[in-house]
Structure formats: C-alpha cells, structure tokens
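Shared chain: subunit A. Partners: subunit B in the first complex, subunit C in the second.
This part shows the complex of A and B:
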C-alpha cells in the first residue's frame, strides 16, 4: 500500500507539535523521526539563548517522541511493509520512504541508542561545567543531526536521497569527533574527513554509472530494471564503487584507516554511536543495494572478500593494540567484517545471520565503548580496575564472552549460523572465510581474555594510578544492554524466528517493488 | 575502436579528474594540497553526473527556451549535481576551518608530522609508549616541541610564488 502524505499535513506537523496525536498515528508519521530532529537541531541554538534547560531537554525529548512514533506506527500498521510518498509525489518522480520491519527496527535503534549515548547525559564533571555549558547546544544539535540522518538512511527508498543523508551523517560526525577541542581530535577529524569525502566521491561516481545505465535512482525501479541493464562488468564496477564509498562509514576493508584514530581521540560516547550505530546503517544501505539492485553472485563475492580482509586485519591489529579504545576500534573493524561475510551468504540464511550479527555488535560494542569512557588508558593501567568497579568489570566479561561466541550467549548462536551458512555455500571462497572466522575467533579470545585478566589482577603499586569507575549513567546503560543480551540469549528461539520473518521480508524483491508501485509499472507503459 | 566524440573525451576527462584527485590524496603530504586534490576529485564526479544526462544536439531543459519539440537534456542529473556541489563545498569549507585550527595549534600542515604528533599524544594520554620507527628508536628521538603559532607566523611570512 502506498500512503500519500498531503503537503499541508507535512508542513502542519512541522510547525505545530501540539497537533492532534490521533492523526499522527498513521503510517505517514514515519517521516517525523527524520524531520523532527532536523527541526530541533536548527532550533537548538536560538532556544539556548532563551532557556538553557529547555535546550538541554529538547534533544532527549525529540528522540523519545521519535522512538514512540516508530513503535506506534509499527504496532498500528502491522508487519506488512508500507511506503510513504514524500509531499504526495508518487514514486518514480518523488522520493519514497520504504518501511519494512528491518527499516523500522533500525530506525527505532537509532532513536534508542542516540538517547542512551546522548553526549550531555550525566558525564560532566563540576570543573568542566562552565565550558560545557557553552558547548552543549552545538554538540546536541550535531547529535540530533546525526540521529535524523541515520533514521533517513534506514527509511529512504531513493539512492540519491540516501547519499544526501549519508553526507549529513558524515558532517555531523566530523563535528562530534572534534567537539571536545583537543588538537589530536582535530587531526583525526581531518584525516577522517579526507577519507570519508573521497569515499563519497567514489559513491557518487557509482551513482552516476547507475543512472547512466538505468535512468533512475529509485530503488524499487532500479530493482525492476536491474536484471536487464546492470548485469556484467559495468554493474559490478558500480557496485564496487558504491561498496567502497558507503564502506567508509561501515568500516569495510580498504578505507577504514580512520577508525582507530577517531575512536582513540573522540569522546567515548561518540565512538559508541559511530561504531555501533552509524556503521550498521551504512551496512544496511549496502545490503539493500545488494538485494535489490546487484543480484549477481560476483557482487556477493566482492562483499565476502572485503569482509574476510576486514576480519583478519581488524582482529590481528586489535591483538597488537596497547590501549583500550584502539583495541575496541580494531575489534570493531573485525566484527564489521564478520557482518559483511554474513550478508554475503545467499538467501534468507545470510540476511538472518547478517541482521543478527549486526544487532549483536550494536548492543555489545556500544556498551563496551560506554565502559571505555573512563578506562581510556593503556591496557597495563587497567590492572586492578575490577576492585574499584566490580560490576563494570563483570559486564565487560559478559560482553567479551558473547563477542567471542561462548555457547550459552547470543554471540555463539550467531557465529554458528554464519558457519552453517558458509558450509552450505560450500564454494572455496566460503570455506576460506570459514577458516578466517575460526582463526579470528581464536585471536579475539586471546586479546579479550588478556584484558579481562588485567581487570582482575591486583593493581600495580608503583604505578599508583587511580582508575575512576565508569560513570553511573554509562554503567547503567551497560547494565541495560547486558540485560538485553541475556534475555535474547535465553529466548534464542523466538528471537531467531522473529528475525527469520524479518529477513524473509527483507529478501523479497517483488514485495519491495509491489509496495512502492501498487500497480506494476509495466501496465502504465 | 573508440569514437573520439566530445562525449567520450568528456567522460574520460571526468574519470581522469577523479583518478588524479585520488592520486593526489595518496601522494601529497601537505594538507592544503590534499584538500585541492579532493576538490578536483569532487568536480570529476560532478562532471560525470552531469554527463549522464547529456544528449547529442539537445538543448537546456527550460520551458519556452528554444524551438518547441526540440530534444532536451535530462534535467534530473542537473538537479542532483547542484545538491552534490553544495554538499562538496560544505565539506570543503569545514575542512578548511579544521585545517586552520590545526595550523594554529601545531604550526604545520605536513600530514606525516601531524600524524606522528597525534600518535604521540594518544600514547601519552593513554600512558603507553609512543609507536617508534626504524629510523628513530623508541625514546632516542623525542618529538620537537610544538612551535608557538605566533612565532611560526612571524618567522615564515607567506610568500607569493613568482611575486
């Protein structure tokens, strides 16, 4: 079903938040989680002049409202996907938002995780309060821009629109990384900016090739014409360019040199958002392209090769890392390689495994970066940290065990899914990937256990380093995410079944086309 | 045999610009040159995007311009390229702003130098040994102190080339 959004309703909602909420409960309201943070981001600065308290509350309020709207829409509209034509302009001409369960799930995750890792919540020491008050509105505005762009990435059904949201997310993240005014963060931002901007250039070239071959950038229409126009080397070249371009944010192999530097210099919560959330949305875009537009097996193989390289380089670099943030950063490169490998498996199995490993990494790595907020020193300095913060150390061990894939936890079932999928694929490349994953798991276990061991060692006396326990808010968030992990691990069967339904829906190309174009386009011509 | 039409040459030029820009980003160590290389790559991509709407002998897609019924070039890529240009300019402006701040704190725009300083600072903040290289064994060649921005500016006035 296509639900058209009348222009007056759109503008009415923009200007007046107190609109009758019953009208918001339609599927059209799904544009609000994109529009409202954008509006709030630009209102932030003037609002801060009037009332600082209101400006501080604005971000969390908007995100909570966004999460509520998405949940409500999901419950009202039900499991079937729907599309919304923005401004009432129908699909091939106008821009559509396509909301299936995967898109809604990630859009919801964006709101929830941005709220959990909101930069202004309960971290500021009293000494920094004055400087922070100056900076807070700007930083909050950037965080809202990031949330808006990320939600747009999850929902948009138009490739150029996706490109614009991707750039918006990039610019917001540049600002957030160097928000705390240190020289090293600025250098890292510059290097990140150059890599990211060049990736965008490559993606733009890929988009140009797609448009040249097909004459459209609407994903549903691309899916219709792709089997005739995008087979062969030109289509593959376009996919390679888009993969490398969007792969910058997804921390995929060739253009991920920015990852360790940025995560070592940025505020830990920003690292958590970039590593946990934004990378998953970039992967989501790549997966949509892979399913809808590039169905040739070579495209999946390319993703698989990049994934294997990412897993190997990431895990071995993490093994060599000397400090906690960079260890997490390299491990995140490795995990995202695993996500890429999972999505390259054919059919529903691949989508199921990929979605599961992406969600798992979202939960685990965000929580770990939250814990790293106060533990940002070298690994040796962590000795004895468990004494000061026994609960945080316990949570670290839980997350580490799940990352490695120790049986009762969710991480084990995910790795099992991926390995079964790879064995079923059976091609030499699949088996190579299988070997790489096993090797990487061993390496991962070694360095994570090494950190766990440090945490429980007696503190080194001559170093006399007083490690502050992680902030209460961060520990609370880690508790919440740890509880999520345990609940999912216990309820593994219903979770996997729900994800299987979701994966089947995502993999259904005809459903996507029929949802965006209610009558087949062929009839019109 | 490739026909050497205007279109082919333009396509080759656009892709060439992207390649030159990419090479410039890899080869150059001066941050401002890297920025120029990035701008070049971006204009290559934009040119390619405009070219996708090109039709031989067509006119600009404006209502009431040219004879009625004449073939028009595709207007969509032109709209897209406007967006792409604006995004590109925004990112470049942001890059210049950060670049100026970096120059004020470190007095240099040399990428290798800056990267070494960043690694050193990260290591110092984490309390671990800075990564060394074969040329400068650990602890034997400490990084020179960061020069004062005002001093750097006075001692090395901006010279116009050829002036």
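This part shows the complex of A and C:
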C-alpha cells in the first residue's frame, strides 16, 4: 500500500531524468569527435594487417562521423554556448570543453577540411609503390591524430589541456611533413621540430607563471581572477611567452622561419592542412587567451605589432619567391599577420573581422595548396599552364583576386572591415598597421598577377612542362572551395550577420564564466 | 642579418625572464585548485596515490592526450627510422657477461614493471613509469644480442588494443553514466589492490601501451642500419 506512491513518484522522476539524460548525452557527445579519431588512430596499424581496404576507409569514415556528431549537437543544443565537464568532474578540478558557435564552427571545419585533404583520398591504389602501402596506415594514423588534436584545440576550456592538444598537433605534423621520405623534407622537419620545441618550452613557462599567479588553469576561472592577479608586467610576460609558444603554429612574425621550407617540401595536402587549418586553431587559442585572461591593452598591441611585421615580411618575401609552394607559404605568413592585426582590434569589430579573415584564408589558402599539388615546380615552369588546365587557372585567378581584395569578392569586404576597425581605433599604431596593410596589398597584387600572367603566357617551347600528373581530387576540392567563396561573396550580408552574432558571443566574458560555472537559480535573483 | 635577429630575440627573451624572476612571488603559490585536490581526491576516487588520482581521474583526458603524443612520436619515428638493407652488417653479440646479465635482468625488470603498473593507484609510479620499465626488460635483451628482433606486428597489436581499451573504458562510462572517462565500479577499501574503481584498469592500459610503444621505438632505433665504418 505504502509502496505505490513512491513507485509512481520514482517513475515520474525517472522519466524526467531520462529526458535530461538525452540532453546531457547530446552535449557530452561533443567529446566523440576528439576521442574517436584517437581510437581509430590507435587501431589503424593492427587493422591494416587484417584488411588494407578497411584501414584506408577508416579515417574518412571517422571524420564524417565526427562532422555529423558536431552538426547534430549544434542543431540539438542550439546557438547558446554549453560546457561539458569531462569525466563528470566539475569545472576547476576537471577538464571542461566549452562549445560556443566559434568553437563548433572550427571543430566542424577541422573534420571537413581534414576529410577534403585526406592524404589517401583520390590516390589510385595501384599507383602506390609497395613501400607506400606500408607507410599509408602510419600516415593515416598521424592525420587522424592531427584532426583529433585540432578539434580539441577548438573545444577545450582548460589551458593545460589545450597545451596537450597543441603538442599532439605538433608531433603529428612532424611525422606528416616528412612522411614522403625525402631528404629535404627531413631537414625542413628538423628545423620545424627545433623551433616548435623551443616555442613549446616557452609556452609551458608561460603556463607555469599563470598557475603560480592564479592557482588554476581553467580558462573560466582564470577569467574570474585575472583582473586581480594578472595585471602588470607579470601577466604581460606570461602572455608574451604564450604568444611565442602558440605563435609557432600560428606563423607569427619571429617564429615562422620553418614555414617556407616545410610547405615547399611537405606533401601539398599536408601543407594545406597546416597553413589552412592548424594555424587558425593556434590563433584561436591566442584569441581566447586575449579575450578571457589578458585584457590589458598592451597585450593586443603586442599582437598588433607582430601582425604588422608578419604582413610586411611575409608579403615582401612572397614577392621574391621563385617557386609556387614557397610563394604560397610566404603569402600565408602575410595573411596570418593580417589575422593577428584583425584580432587585435578592440571589441566585436575585431572578433568579427578576425574570424572572417581566418575563415577566408582557410578556404582560399587550402584550395591554393591543393592546386599546388599539380604546379609544384618553379614559377618559370608555370608558363602556359593555363592551356593544359584552363579551369584550374581560372580558379587560381578567382582565389588570387579574393586574396588581394577585389570588390565583389569576400576578401574585399574583410579587408574593408579591418581597415574601418583600424580607423575607428585611431591610435598611431593602428594607422601604421593600416598603412602596412595597404602597402602589403599592393605587393600582393603584384606577385599574384605576375603568376596569373605567367599561367596565361604561351608555353615556352624549349622548356619542357613538368607538371605533376593532374590530381583530380585536389582540383575537385578547389572547385568546391571556389564555389563556397562565390556563394559567400554573393550572400555577404547574411554571412556577416551570422559572424557578428558569433563574434558577440565569443567576446562575452561573463557568458563564458556563467556557462562553465552555472550559478544556482537562487543566486541569480 | 639572421645573427642580429637572433641576438635581438635572445636579448628580449633574457629581459623577459629577468622581469619574471624579479616580479614573481616564488615560494607561496596560490593553491586554488591544488588544495581542493588534496582535500577531496582520496574520498572521491579511493586511490591512495593522489598523483594517479589526478592523472587518471580528474585529468584523465590529458593523460589520453599524452598517450596520443607518445603514440604520434613513435609512429612518426617509425616512418623515418627502420630502413635496412637485407645484407647490412649487424653489431656482433655482446658477449657472455652482457647476455647472462640481460637474461638475469629480464624477469626482474618484468616483475618490477608489472608491479609498478598494477599498483599505480597505491604507490608512486603508474602506467607510464611501469611501461618504461617493461620496455626496458625487452630492450636489454636486444642490446645483448643485436641480431635478435622483436615481433613488431605483435607489439602493434598490444599497443593498439591497450590504447583502444583506455578509450573504450571511457566510452563505456559515457554510455553508462553520461560522462567520458568518469570513474565507475565500486571504490573498495583504500589501499587494497582491487580498489579505486576503474583507475587500475586505466593504469594497466597505459602501462601496456607505453611499454609496447617504447619497446617498438627502441627496436626500430636498434634496427636502423649502422653507418659502415
């Protein structure tokens, strides 16, 4: 008799709990795009001994699944940011993932772009030598690790966890860069490794300083205590060290000596991933730190100065470059300088411009490196290439115009946005940056047009055209990205509005803190 | 030009470190998170070794990341290393003393390694440390007799399955409890071998993975052709 009521109550409770559980599960499933690639990478080599075909398909399958999970979570949970305590340990003690629109967007981009530039896709299996077939599972495992690490960088809300993923991305990229077994690539990798390790040590020192000053590495808690503990030179020193550390992958000015050699010798798709994707995620980490932890104006000024130097050195070096991959590498340094400048602008304008220029560069530079897969020689050898591949040459011109910022294209609106932001800032440093951007644009236009003209020249008869065999897949990807660029350029108003909402959400420090440390309802009133 | 740039950079870095040295209040760290770990880690996770409680419990996700870094390094190294012509000369065997010593050490290292791994939640040590000792057990034998080779396929299987076990435990807890890598299973009595829920299982997975990985990496290094002299 007495048992009936509690059972009923329990039932009702159970139902509620179940409903709640599905929501929690949806949100918690966001760890899967980080974890499943790791699982697949661990199992890749044993699997390759059982079935080579399955091992080849595993990577693309996992990435597709990851993209689907992220999209699904995004749609289910809606536009509001949410946080996930991994292992169920509440925020400052455990690790949290913080998923706002920016994080989800980049996490999705990681899956999609790794899939588009997957090393084994579109390569005919018969053409692969036996040695390559042995390497393929290892290379695929590294690519999966890179994807997992990049997704983690986008989502993580804990500074040490971010450092772990950053290291994972670094080590995986060392392996991918020299996967093709050429001596030059190995030398380039060695230099990359030294610079990267040096940067990581300094970043670790910066993290140690933060921990010593604040006693926590959770970004939300850091954001809470930063105004009291991280003002003054010590906070700035920590930021400088972290900037050096994360600046290595973000190709910031003094730390990008590895870039040209690595991009010129690595497989083109790996270059596309590093230049397009990984650099953006490193920048994303720097931006999160800038918004949440280092709010002093000197910090963004430091980023601005490095950005200006990056734009100038990158574009002038690209102007002098003699072959296509190196030209793209230097231009990538310049573009990332532009990203740094954009993010150093105060408030929503800066975040909007920064996100836009980062996405633009992600699309354009990845596609250009994809094209470089077929035009990997010196610039002279490109003469007349348009005749053999008119559509690829047309795509190159489209991307070049957008990079320079020719009006109807997206690149123009972004540069306009940055310049307006700089003029509104109005400080001498801002105006200097404005001048640098204008100068760099002129230089950029000159060298990109030079390449375009060479493509449409009549071929030089005595110089045999040594074009790589047409990489159909890469050209197809370039088409796809070109179509994206055109669509965004046409739908510029909705895109900018969507990005503005995203930027407002990203810049909201209180929202971040409240999401990670949800306050009981009683407290809010 | 490059020298000047590096000089300027080094000078800036030195200045930065000096500023930090002068400004930092060393010796009295703010224990915002640390004190909390000390207070609740024991009762919450039931592990006598708080370091393991933090590494495999609170920050188990970081540990998964670190495992992956080691895996990435081993994979990248195996892409670069291990090239050997079929007729390349090998180092001669190390002689009676070395091989007898290696034979003596092998069971000892194996036992110590397994002990350190299995007692990760009780005594100092754990998966990483024990795994390295396990790898050493196999590598000492290789040093004594360079002509011997390890079975890379088998190592690959152990490594892959151990890593997968770590993640599968996490996925199991995700399905069971809604959180990835949350500790499940009864905690038991602190200090006993079977206690602390899933922590010892994670520790064993880490130990096997690290051991197999490192053994494979060292074997690859040993297998790489020595330059002809």
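Observations on the model:
Just so it is clear, the second predicted complex is superposed on the first by the 483 of 525 C-alpha atoms of A that agree within 3 Å, B and C clash if a C-alpha of one lies under 4 Å from a C-alpha of the other, contacts with A are read in each partner's own complex, and residues count from 1 in each chain.
One rule holds for everything that comes next: contacts are C-beta pairs under 8 Å (C-beta built on N, C-alpha and C of every residue); 3 or more make two chains touch, one makes a residue touch a chain.
Fair warning: this is a prediction, and the values are worked out from it, not measured in the lab.
Once the two complexes are laid over each other on the shared chain, residue contacts for A:378 go to subunit B alone; subunit C is not touched. When both complexes are overlaid on chain A, the residue A:94 reaches subunit C alone and has no touch with subunit B. Of the two partner chains placed by the overlay, only subunit C lies in contact with A:31; subunit B stays clear of it.
By the touch criterion stated above, A:265 is placed in contact with subunit B alone, subunit C being left untouched.
Once the two structures are superposed, subunit B and subunit C can be ranked by residues of subunit A touched, with C on top.
Of the two partner chains placed around the shared chain by superposition, subunit B is the only one that A:184 touches, whereas subunit C remains out of contact. Once the two complexes are laid over each other on the shared chain, residue contacts for A:212 go to subunit B and to subunit C alike. In the superposition on chain A, A:240 makes contact with subunit C only, not with subunit B. Contacts of A:487 after superposition on the shared chain: neither subunit B nor subunit C is touched.
Once the two complexes are laid over each other on the shared chain, residue contacts for A:160 go to subunit B and to subunit C alike. Touching of subunit A by both subunit B and subunit C, each in its own complex, is seen for residues 160, 164, 167, 171, 174-175, 178, 186, 202, 205, 211-212, 215, 217. Residue ranges of subunit C in contact with subunit A, taken from their complex: 5, 9, 13, 16, 19-20, 23-26, 29-34, 36-37, 40, 57-62, 64-66, 68-69, 71-73, 75-80, 153, 156-157, 159-161, 163-164, 167-168, 170-171, 173-174, 177-183. Listed in rising order, the residues of subunit A touching subunit B in the complex are 160, 163-164, 167, 170-171, 174-175, 178, 182-184, 186-191, 193-194, 197-198, 200-202, 204-205, 207-208, 211-212, 215, 217, 261, 264-265, 322-326, 376-381, 465.
Interface of subunit B with subunit A (complex): residues 15, 18, 21-22, 25, 31, 34-35, 38, 41-42, 44-46, 48-49, 51-52, 74, 76-77, 80, 83-84, 87-88, 90-92, 94-95, 98-99, 101-102, 105-106, 111, 114-115, 117-118, 121-123, 125-129.
Residues of subunit A touching subunit C in their complex: 21, 24-25, 28-29, 31, 35, 38-39, 41-47, 49, 85-89, 92-95, 135, 138-139, 141-142, 145, 148-149, 152, 160-161, 164-165, 167-168, 171-172, 174-176, 178-179, 181, 186, 202, 205, 209, 211-218, 221, 225, 229, 232-234, 237, 240-241, 254.
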